[in-house]
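Each of the next two complexes has subunit A plus one other chain: subunit B in the first, subunit C in the second.
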Partner chain A sequence: MLEISNLHVHFDLNGTIVKALCGVALGVGPKETLAVAGESGSGKTVTALSVTRLLPSSARVTSGEIYFNGDDLLLLGEGALRKVRGKEIAYIFQEPGTFLNPVYTVGNQIMEPLLLHQGLSRAEAFAEALKLLALVRIKQGRRVFFSYPHQLSGGMNQRIGIAMSLACRPRLLIADEPTTALDVTTETEILDLLCELKSNFGFSLLFITHNLSIARRIADRICVMHKGFVVEEADTERIFSSPQHFHTKELIRAYQAIGTL
Partner chain B sequence: MIIHAAHISKYFAVEGGMYKRRTGLVRALEDVSFSVRESSTLGIVGESGSGKTTLAKIVARLIAPSKGTVEFDLARINNFRKDVQIIFQNPYASLDPKMRIKEALYEPLLIHRLAAPRQLRDKALELLDIVEMGEDALVRFPAEFSGGQRQRICIARALATQPKCIILDEPLSSLDLTIQLKLLELLLRVKEKFRLTYLFISHNLSVIKYMADFVIVLQEGRIVEQGGMHELFSHPSHPYTASLLRSARR
Partner chain C sequence: MAKSERAHTGMNKLLCTGIVIIGLLGALAILAPFISPYEPTLIDATSLLMPPSCAHPLGTDSLGRDLLSRIIYGARISLSIGIIAVGISLCIGVITGSIAGYFGGLADSVIMRSADIMLCFPTFFLILAVVAVLEPSIINIMVIIGLTSWMGIARLIRSEILSLKEREFIQAAKAIGASHMRIICRHLLPNALGPVFVNATLGIAGAILLESALSFLGLGVQPPVPSWGNILIESKATLGVAWWITLFPGLAIFVTILGFNFIAEGLRRQWDYNA
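Up next is the complex of A and B:
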């Protein structure tokens, strides 16, 4: 369903060229969960952002293709791409506090994609937003609807982020370290919620993490990145039973020492 | 026992309305007692909001408790600010962005008169060597380093005063797992080498298991369980500890 091939991305930092991605290739099938694992700086987030061309202006895609349902997203016009973003491909980000707009109520922000993409009236969008809040297991949806992000906890804000991302029933959800900023118990709740929603809605999931224990819990396949390269890709159990690459082994060593009990 | 904390409570006033009247009281810590044996690591675990950082700040004498006392073994800790150091969670906030690394390392050496001005550079290099960083770091600024490297610099700076005890408040929580493991290994080596006592705070039970000899479990400001690391992990007696173990084991 999503097929990235030979993706090269450079950053131009005041004349210095930094190669962020060097020929990244990966694919996500329908209803599949692919975890992209790697240290910080390995290019996980850049890969995620380049899918819908959300990279900052200093970045340049020098070559490669990103096929989604038959279209190369890199060649799509800005207008056509806008119909894909949020509607077909949605994101959840790491810091729930920073992707939400602090001056709008969370309800307002959940309604935005519904008004924009689905063409619902405000009354319909309001009703749908309350449904979405219930879907992500938020009690007292009405009270939360009229709250501002700073009045809610990190876990709660991440639930809002999930509700927003699911508003248009996307076919691909890209989750960029969605639980890194959360407590372990909250992390478990959010991961369970994601798995449950995934089986209910049948979307594909591209899950980015530096923590192999999380990847092991949710992914069908794992792709390990290091310094802009995909160094290894295999079924989850295979990665753990017979890791091939040095950096995969390093990730597993960390996972065994402090990523699990 | 190098540290002995008895019946510590800490309340924060909630102010609101006109004239900042006191409208409520947050009980951050309630009747917390514990001791730390010399050259051991006490792990303090709990979720955010459980009072871990408040406890760290009280032990480090950065804030005063509302009730209770923290006593130190005066035979070993006689110059508090030299003998007890603290490493904070966020290495981006705990290094002055306008100080070169050498200045950050020289400052504690000068304040505590641990080196003459012409020895400073050698001392600083020695400290950087312990945390496996090279000479080139000296003239650079914190912004030029990654999170893991900055935390190494913070460890070097803490070691500058030849402390007996280091309080580590979630020192690795903002870092990748692989970098966390490398730093934990470093912290264990340093502990052996200098016979340090650690007060290690984390919300991650696996990290606590890797580091600690004794553990305190905090929930909403109260100790719900304390004891040796192995007993606690094999036979948790409090349901909250059991639930923490369950989430970590998933």
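Up next is the complex of A and C:
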């Protein structure tokens, strides 16, 4: 369904060219969960952002194709791309507090994609937003609806983020380290929620993480990245039972070392 | 959480004082026909240059017109010039500043260089020249003051937007498919307007002063319509015998500027604490 091939992305930092991605290729099938694992700076986030061309202005895609349902997203016009963003492909970001606009109530922000893409009236969008809040297991949805992001906890804000991303029933959800900023108990809750929603709605999930234990828990396949290259891609169990690449072994060792502490 | 607590402790004293002062002046201006004891242009040859008394609380001018009535009607002119001129500069400044800040590149260069060029002109003399060529009507004065004072607001908006557009919630807005227009109007501007309102409030005070200065030079609001500036200039001839004609309009300008400055400073502190 999503097919990235030979993706090269360069950053131009005041004349210095930094190669962030060097020929990345990966694919996500229908209803599949692919975890992209790797340490900081390996290019996971850049890969995720380049899917709907959300990269900062200093970045340039120098070559490659990103096919989504037959269209190359890199060749799509701005208008057509906006119809894909939020409607077909939705994002969940890392910092739950900062991706919400501080001047609007969270309910207002959940309504925004509904108003943008579904052509609902405000009253319909309000009802739909309340349903979404219930869907992400938020009790007292009405009270939360009228809260501002700074009044809610990180876990709550992340649930709002999930509700927002599911608003238009996207076919692909891209989650960029959605639990990194959360504590361990909240992390478990959010991961369980994601798995449950995935089985209910049947979207594909591209899950970015640096934590192999999370990848193992959630993913069908794992793709390991290092310094802008995909070094290994295989089924989750294969990655753990017979890692091929040196770097994968290192990541597994690191994760086991933490486990034995 | 500090933010919400502070936001609910209410307004600070400075802001309250400012709002009360400007509120009273505004009420005075709006209710002028009901409050003022005389017609502002009513000439009374029997009471020329009368000092403050019961019949004329602030005295009369050299044509026997009641000074209090003239100052009350003058508030209408001065306040509306201040507010509308700043409204015009706010519109221009917000639009140009947000385009420059959001899109950057060529648009940014063109807009900011024209702002720099405008800033290089001695604005007051530019206004003088333009008013001397066109006729000095109230509308012209509002428009000209507005057209020559948008640069500060544009710069402010641009710098706010430059820092805001890197924030994650702007990326999130893009990720749900919001258009540039929607991102600017719905997501960037509401977050950028705080410091701009502070600036605009000061701008109102500046515009009122500017109009007074123009009137003082005879190029502002034309008599017999009273504005604070042209009451002042008429007082010049009789300054030696009638101090009240100079003092009271001067005081009115002073209190108004003070009121707007209080509001500006109060707003700044209010939002600084909340930031």
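The rule we apply is simple: the second predicted complex is superposed on the first by the 258 of 261 C-alpha atoms of A that agree within 3 Å, B and C clash if a C-alpha of one lies under 4 Å from a C-alpha of the other, contacts with A are read in each partner's own complex, and residues count from 1 in each chain.
In the analysis below, a contact is a pair of C-beta atoms (placed from the backbone, for glycine too) under 8 Å apart; a residue touches a chain by one contact, two chains touch by 3 or more.
None of the values given here were measured: they were computed from a predicted structure.
Peer 1: Residues of subunit A touched: more by subunit B or subunit C?
Peer 2: C
Peer 1: Have a look at where A:T185 lands relative to subunit B and subunit C in the superposition and call it first, second, both or neither.
Peer 2: First partner only.
Peer 1: With both complexes overlaid on chain A, does A:L212 touch subunit B (first), subunit C (second), both or neither?
Peer 2: Touch status of A:L212: first partner only.
Peer 1: Would you sort A:I258 into first (subunit B), second (subunit C), both or neither based on which partner it touches?
Peer 2: Touch partner of A:I258: subunit B, not subunit C.
Peer 1: Using the touch definition from the top, say if A:V103 reaches subunit B (first), subunit C (second), both or neither.
Peer 2: Only subunit C; A:V103 stays clear of subunit B.
Peer 1: Could you look at A:A90 and tell me whether it touches subunit B, subunit C, both or neither (first, second, both, neither)?
Peer 2: It touches subunit C, and subunit B stays clear.
Peer 1: Could you tell me if A:M164 is touching subunit B, subunit C, both of them or neither one (first, second, both, neither)?
Peer 2: After superposition on chain A, A:M164 lies in contact with subunit C alone.
Peer 1: May I ask you to decide whether A:E39 touches subunit B, subunit C, both, or neither, giving the answer as first, second, both or neither?
Peer 2: After superposing on A, A:E39 lies in contact with subunit B but is clear of subunit C.
Peer 1: For A:L13, is the partner it touches subunit B (first), subunit C (second), both, or none of the two (neither)?
Peer 2: Touch partners of A:L13: none, neither subunit B nor subunit C.
Peer 1: Inside the complex, what are the residues of subunit C that reach subunit A?
Peer 2: Checking each residue of subunit C against subunit A gives 1, 3-4, 104, 166-169, 171-179, 182, 187, 190-191.
Peer 1: Note which residues of subunit A are touching subunit C in the complex, please.
Peer 2: 52, 54, 56-57, 82-87, 90-91, 93, 95, 98-104, 112-113, 116-117, 148, 150-151, 164-165
Peer 1: Contact residues on subunit A for subunit B in the complex?
Peer 2: Listed in rising order, the residues are 39-41, 154, 183-185, 187-188, 210-213, 217, 250-251, 253-255, 257-261.
Peer 1: Can you tell me which positions in subunit B touch subunit A when the two form their complex?
Peer 2: It comes out as residues 47-48, 146-147, 175-181, 184, 203-207, 209-210, 233, 243-245, 247-250.
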